[in-house]
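The two complexes that follow have chain A in common; it is paired with chain B in the first and with chain C in the second.
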Partner chain A sequence: MSDHHDHDHDHGHKPAPMVDEVSHFEILEMAVRELAIEKGLFTAEDHRTWVEYVHTLGPTPAARLVAKAWLDPEYKKLCEADGVEASKAVGVNWVTSPPTQFGTPSDYCNLRVLVDTPTVKHVVVCSLCSCYPRPILGQSPEWYRTPNYRRRLVRWPRQVLTEFGLQLPSEVTIRVADSNQKTRYIVMPVRPEGTEGWTEDQLTEIVTRDCLIGVAVPKPGITTNVKLPVRKAIHPVHHDH
Partner chain B sequence: MSSSHREVVLRHIETVGYMQPALHRQTHAPAPDLITPDLWKAYTRIVHDVGGEPDVPMAWEEKQEEQWELNTFATAECLAWRGAWTAEERRRKQNADVGQTQYLGLPYYGRWLLTCARILVDKQFCTLTELVNKIEEVKNRHV
Partner chain C sequence: MSKPHYDREHHAKIASGIGDPQCFRGKAGEAKFKEGERVRIRDLPDIFYTRTMLYTRGAVGTVTKLVYESPAAEDEAFGNEDHPEWFYSVVFMQKDLWPEYSDTYANDTLETEFPERYLERA
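This part shows the complex of A and B:
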């Protein structure tokens, strides 16, 4: 009854139209940043530099690494043996990268490249938090950070992969790599059929972020991630990867 | 997962679920013999170690990043870059010390943000009063 009563009166109690309302998160973010700058913990310029650095990140260097390795067996060996060294060929230096010149504080510098075969498929998770190879792959997708993905991938990987549209034959073994604060992973999928004679640029285009995490496999003609609904931000960053 | 293992895991999660917050029953620093092995395991559970916990499928989605989220990430990294903390300190505060309610209940970067605020006070880079005053100042600026 009371529900009905409330409903009748809803129209008179509509909140004022949202006029660029500032959230608690936004207020606290500004307060913390400004206070840290006032206290000399870092400068406004440092912060600007860092935000600009993040804007330069994305999955392209990792995609190029895979494309190069598909074309060059020697480089592929290097990728398997020393991911950090191999990253230099695609413009990522984990040890001296900007803006700090000593790498990024939260990413350390131990990249492993997991090489798929026709019978072994790798997929990456961070069951303890959300570790992700940012310098070479950009910011992680939201689903990668959810407790749900982290809980279930390590126990039911085959089921989780089907939820991303990846149905693997039962004879394919799935290996889940659990990232940690020191070690980060990217997946090198099997080069798909129908790409014979392709250039490095062409191959790079089909190695999407999702392929590099391992929840998708590259296909000729597919250059975007798995289609998922997008939750809109209230005040979005204007350079989303 | 074998059925016996499943039962063990489910009992563990159920125990943890009843425990936090344990306001529905009397808890006043009980005698050691009252702490069963199940309770001990639940009390010493690390909240962010979720790998393998039972859960059901959810609808995956992408999310546009809020400007404050990117700013928060940059703040956390700048604090580490300039030596206010290490990434390990950040992870401890943000993934373990927050407790289960905040860990599972807050947005991802919400935890980062609270952790950045807490490190300022905890390591005496500012006083709590300075932080509260700054929040008020920012709030008033945006009224």
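This part shows the complex of A and C:
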């Protein structure tokens, strides 16, 4: 970063930069990672294996867990009682799936499935950082990590959910789960009307990542997460280095 | 505790094949609080590290679940695993956390976890 590179785009002979922008946190991560490798805490090979594992993760296993529970009341009971055990049925072993064989360094092995009812709606946040059930849900969306979502959801959950397009009547109470210690949460929404007779595969498709975080509810025909519009900054920041 | 040379694989050794917090199961002794009990969150000093949110301090809630045993994050952050304790999931009425919370939605709640040291009977 200390290189004196200029942002003059007139020099046609210069190759375009491979990365346009690197944040302070990315630099910090690289510095700590390189130090850790030099000190022998883990090898570059370990790191590569880990990154590969992380890139295989996504919300599909959690969606399937919900679909299975909708179809099988016994399995639903298991989900409520022991999320880690219930995850095995959808191919996720919280302890042994990650390359470490003891869970992941920050996700631990303690999943709780928050079961919605027609009168209780759960929604998940980590107000302290961005704890997220990655083994079963993949990487968190960018908005989940923003201070804006984290600090407002605990205090104004109704207003924040409205911004996601989810308006709940006053007879439905909201329960916010603030993931601050070693438990990770997913939400099991209520099975929507219009899905009678559906197969597990069909049901899995409508349980999107947003439904599993709790900022949306499943609807027949909706199989993707909400895309919030990106608005350009009115006064963008310019770096003059 | 005396660890002149910190064993950097210590955590991997105790947790491999078992998981964390499972590796601390049975190490916290008897739990001080039960499900359904009313508890107040203590405002302990936290100069170095804490995972107990400021907005919960002083608030009264109800224990919903004894979740697991583990060293408190305040200790574990510095490699001190000598005193695992019980963790509790506590549910608060939003009104008790935020006095200005809308009366229309007075039944809204928030649930989060605490190590035993942060709780006192209310």
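Observations
Here is the rule we use: the second predicted complex is superposed on the first by the 189 of 241 C-alpha atoms of A that agree within 3 Å, B and C clash if a C-alpha of one lies under 4 Å from a C-alpha of the other, contacts with A are read in each partner's own complex, and residues count from 1 in each chain.
Just so we're on the same page, contacts are C-beta pairs under 8 Å (C-beta built on N, C-alpha and C of every residue); 3 or more make two chains touch, one makes a residue touch a chain.
Everything numeric here is computed off the predicted structure, so don't read it as measured data.
Once chain A of one complex is fitted onto chain A of the other, the partner contacts of A:T223 are absent, as it touches neither chain B nor chain C. Once chain A of one complex is fitted onto chain A of the other, the partner contacts of A:L35 are limited to chain B, with no touch recorded for chain C.
Once the two complexes are overlaid on the shared chain, A:T96 sits against chain C while remaining clear of chain B. By the document's definition of touching, neither partner reaches A:T195: not chain B, not chain C.
In the superposition on chain A, contact of A:R158 is made with chain C only, not with chain B.
For chain A, the partner touching the most residues, choosing from chain B and chain C, is B. Looking at the shared chain after the overlay, A:P147 reaches chain B, while chain C stays out of its contact range. Applying the stated contact rule after C-alpha superposition, one finds that A:Q181 touches each of chain B and chain C. Look at A:S130: by the touch rule set out above, it reaches chain B but stays clear of chain C. Overlap of the chain B and chain C interfaces on chain A comprises residues 41, 100, 108, 127-128, 154-155, 178, 181. Of all residues in chain B, only 1, 48-55, 57-82, 84, 86-88, 90-91, 94-95, 104, 107-110, 113-114, 116-117, 120, 125-126, 130-131, 134-135, 137-139, 142 touch chain A in the complex they form. Across the interface of their complex, chain C is touched by residues 41, 84, 94-96, 100-103, 108-110, 112, 127-128, 154-155, 157-158, 170, 173-183 of chain A. Those residues of chain C whose C-beta lies close enough to touch chain A in the complex are 8, 11-12, 15-23, 51-53, 55, 67-68, 70, 73, 87, 89, 91, 94, 97-98, 101-102, 104-105, 107-115. Remark: chain A residues 22-23, 25-36, 39, 41-42, 46-47, 50-51, 54, 99-100, 104-106, 108, 125, 127-130, 139, 141-143, 145-152, 154-155, 159-160, 163-164, 178, 181, 225, 228-237, 240 touch chain B in the complex.
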